[in-house]
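Take a look at the structures listed below.
First chain A sits with chain B, and in the next complex the same chain sits with chain C.
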Partner chain A sequence: MSSSPERRAVIHDIGYRTYDGPRLGTGSVATSLFTTGLLNAYGFGRSAKAKVLPLVVLAIMLVPAVILVAIMVVVGLGEGFIDYSTYATSLFLIISIFVAAQAPVLFSRDLRSGAIVLYLARPLSAAGFALVRWASLAVAILMFVMLPVLVLYAGALAAEADVSEQTGDLLVATAGIALLSAVLATLAGLVSALTLRRGLAVGAVVIALLVSTGFVAAVQSIAVVEGNEAVAVWAGLLSPFTLVDGVQSGLLGGTSSYPAAPETGVMAAVYLLTALAVIGTGLALLVRHYHRQGKR
Partner chain B sequence: MNATITRLAARSLFGRRRGVLLVVLPFLLVALSMAVALLTEATSAVDPVTAVFGLGLVLPLVALLVSTGVIGPEIEDGSIVYLLATPVSRLSVAVSKQVVASVVTVVLGAGAVLTSALVLAPGSPGQALALGLGAVVAGLAYCGLFVALSALLRHGTVAGLIYVLVFEGLLASWLSGLRYLSVGSFGRRVAGALTDDLDLVVRDMSLVYGVVAALVFTVGGALVTAHRLRSFELRGDD
Partner chain C sequence: MPVIETWGLTKRYGPVTALTSLDVQVSEGITGLVGANGAGKSTLIKILLGLLAPTEGRADVLGHDIRTDGAAIRAQVGYMPEHECLPPDVRAIDFVVHMGRMSGLPPTAARERAADVLRHVGLAEERYRLMGGYSTGMKQRAKLAQALVHDPRLVLLDEPTNGLDPASREDMLHLVSRIGHDFGIPVLVTSHLLGELERVSDHVIVLDSGALLRSQATGEFTGTTGVLLVEVLGDAQAQHRMGEALAAAGLACRPRGGLIEVDTRHHRPEQRVHDTVRDTAVSLDVGLVRVQAEHGRIEDVFRQEVSHVQQS
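And now, the complex of A and B:
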């Protein structure tokens, strides 16, 4: 074939209009991926069957709060009789089920189906994709835990409890819940990105969240009976729930719901640093994993 | 029973690196028992470690992972139709898969419970045997229930989790009547009948009821699974 200039292939202009509207940048890709992820975590934008589980679990999560508010209003108590910061730790089973069931939705499906290649072909980098997915899951967990706490807060205000005291408690609880959501999202996201089959991913996340908590509970109850408080406090570092509970009670003045909580400022700082280190390391591993996926 | 299906189910459980996940839980239980036995002298640790953590959490989770592992993925990706197209009765398919799940659960789950009790209280092997036997009974019943659940539902794993955590863990501690439907309490009842050393609160449930109910869960699970496979239809993903 000759390659003279006259014979060169030409794309003919057959009159289609070109796009001249605004071009949204990478930031917009990230925002819409974040919103979709957040909605998907609750089953919106997916099949009707996918909505059942998250919404049922959310309803179960709300039931105790509604009952408590009802009791508070009927009995006429002037103040909330449950500490906001203990709500999350008392319902850690429900939270774990939600996280275990929904983390694979955000982290396993793209990787299993191969759709990840298409996502990573877009301007958003692998690291950006991983972080946005993580943010969706963290915010979904935050909303899941915050909603019943806000119901309690609204109930307490409606029962004319002391506003400044209640608000202070709420802020402490909010900080704790934000940290808890970040830690849970990191662990669950990492585990379900590494375990692709759904049933297996759910099981692996549960092992990471619940078995560690059961493990810590067993160690702490034995150590406290034996009078060995130091071991009990160090053991608390091994489970996400006791870890955040320790930060909340040690640094923020919340109430601990476990037999052993850090009493000195140094130990509480160790708890906080461990929580931040878990988030940092987990995110680094997650980003590295997605980076590798993009290269395949 | 069909030897080939059994072999394939076992391979799907332990193939590649999936077996690692199954071994983690029993390993944690035994490691915790060893650590506690080294650090303390008291044999009172059998209750929080072996009975609550082992029998109450590790055993059901091992059973859940194993049971959903033998049948769940095949139903999810639809490859079970090739198995169902073979001239093997559906009951035989269900039983073969459940037997593999049960054997693995008994070896890993009940084995870990037995080891844990022996490590913590080497002086009373009778108590360890009682806990081990209770774990075997509960493990078999759990497998029947979970295999049936993962054959019936898309979210078999999550449904099983809700059963173990919410139904057995949360609700049964408030509404004590639910112990008549809780597989864990059948296991504890059997263990409690064989030893006097432990206070395994199941109150006045009769031993016969516990054994019969566990048997109903085991056999009923296989029958439900077989029935489900008989009327199996293909579905798309999500």
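And now, the complex of A and C:
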């Protein structure tokens, strides 16, 4: 660090300016944190390198939708041949990669770099911080999954499909995607907050999402072949993708992409309650975790 | 009005007592909080920020009660933590702007003030670089900038000179002095190096094992001790002869290294110690190069008091 006399002189000349302007409340602090978090999840406001992965994965996510739209428009298909509500589940691998790679950006980075101390020394409470971080991640995932679905929707409208039918399907898919984003943000956020090393956190989230989904798919296939539908449906509770797929098909009238979906209203309600319980419990644990950080 | 005031502040972690019934007052200007590692400095700061709840006692910061008004305190206080707290993949300017927003500044004000404070801490050109590539000195400056960005009414600096080389340490102490004296922001600054803060702080609080050892103006620590240091030049025996002669003249003196230590505390005022020293040097024909009143150092006070506590 140089401390040449010229530099000191320059610093001295400026003089300190006080600030007498407005100071905004918690709401606007939270909004600012939310926006910054959302941008950070896509690599904006970070190094150039940080933008590569989220944007490449987003492009991969969009390719099938763009191709489908192109075919629809060229062939003049009035009916989309992929259901909006199944688009997300059929690309669950890509979604898992995005979630696993970007959840640590919002949940491990502050804890590992120690910046959490600076946040907690500011007006927003630990609980507020945890919830805003979660909202940033949930909305980042929502945007990631919704964007190709909107491309499909726009394509269907361009191909002169029935507007009211398409819009109804889109709303069902949107509700499902919103629930999926919330569940994924909760699970991935919690795993990332507890696993400080970024590499480990990415691995842990990938394993949690892929292994659970693979496990459920295997159990469901075997159970269906064996004729044991009940086991297959209960197994669906164990992966976030089958869980949300079940809610979407059982309660909202979407199309299921998995071998066993809840067929009774009661079972579908169990799916929904499980999803809400996962979100509720996960958020409570996250808030508790961040609350403890201030006491370190 | 004091900016910080505590009454019987106590913090226990299970069987371990981190702070023992602490009564301190911090006023305007710079207050040094010194004590060995583990003396309770960081615990006190966390309690003052409302992040840790005290086991007993209470404290007011800027007139707000720490138990009920934590958010109001945190909105008006700047805090520079001891440990690393900067995300490596962010530019300093973006980070300080963001932290300004987190303290409630509107977007434009946050940008202006971030550029301002980064210039004040001496990160003018480097502010567009990712902080991961910063030296320790630059990181400490960036940490200081985020503590100042919202124009706080009080700053709490936890070990700002930690890990710095001597030149950067000087720069940091100079900055601390400017914040307290030129910017007019009250500063509470901690250090485990007891002597380091005596030049910049107006007041010093000494903690030892969570208890208050001393709290007084720096001048009282560093006032004259009543000892006069004398040095003479001449032949090889000059120092020795001078000492003998001074003792013969009735002064309480003894050698200390290459100097002669004259204790003036027990001399009556009519004994003109300085004149005696001068006359003795003249009569011995040696060169008198130093007659200096010795000043106390916080470190000495600390050592004495700790040994007292341990003996009793």
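Odds and ends about this structure:
In this section, the second predicted complex is superposed on the first by the 278 of 296 C-alpha atoms of A that agree within 3 Å, B and C clash if a C-alpha of one lies under 4 Å from a C-alpha of the other, contacts with A are read in each partner's own complex, and residues count from 1 in each chain.
Heads up, the rule we're going with is that a contact is a pair of C-beta atoms (placed from the backbone, for glycine too) under 8 Å apart; a residue touches a chain by one contact, two chains touch by 3 or more.
On a predicted model such as this, the values are computed, not experimentally measured, just so you know.
Using the contact criterion defined above for the overlaid structures, shared-chain residue A:47 touches chain B and also reaches chain C. Contact with chain B, but none with chain C, is seen for A:101 once the two complexes are overlaid on the shared chain. By the touch criterion defined above, A:219 lies against chain B but remains apart from chain C after alignment on the C-alpha atoms of chain A. Legend: residue contacts after superposition of the two complexes on their common chain; A:211 is shown touching chain B, with no touch to chain C. In the superposed model, A:124 lies in contact with chain C only, and not with chain B.
Of the two partner chains placed by superposition, only chain B is touched by A:60; chain C is not.
Looking at the shared chain after the overlay, A:25 reaches chain C, while chain B stays out of its contact range.
Contacts of A:33 after superposition: chain C is touched, whereas chain B is not reached. Note: residues 46-47, 49-50, 109 of chain A belong to the chain B contact set and to the chain C contact set alike, using the contact criterion stated above.
The residues of chain B lying in touch with chain A in their complex are 18, 21, 24-25, 28, 32, 35-36, 39-40, 42, 44-45, 48-49, 52-53, 56-58, 61, 64-65, 68-69, 72-73, 76, 150, 154-158, 161-162, 165-166, 169-170, 238.
Of all residues in chain C, only 46, 49, 51-52, 71-72, 74-75, 77, 79, 81, 83-90, 94, 98-99, 101-107, 109, 113, 116, 119-120, 122, 130, 135, 137-138, 146, 150-151, 165, 167-168, 170-171, 174, 178, 182-184 touch chain A in the complex they form. Interface residues of chain A facing chain B in the complex, by the touch rule stated above, are 46-47, 49-50, 53, 60, 93-94, 96-97, 100-101, 109, 195, 197-200, 202-204, 206-207, 210-211, 214-215, 217-219, 221-222, 225-226, 228, 231. Touching chain C in their complex are the following residues of chain A: 1, 3, 7-8, 11, 14, 16-19, 21-26, 28-29, 32-33, 36, 45-47, 49-50, 109-110, 113-125, 294-295.
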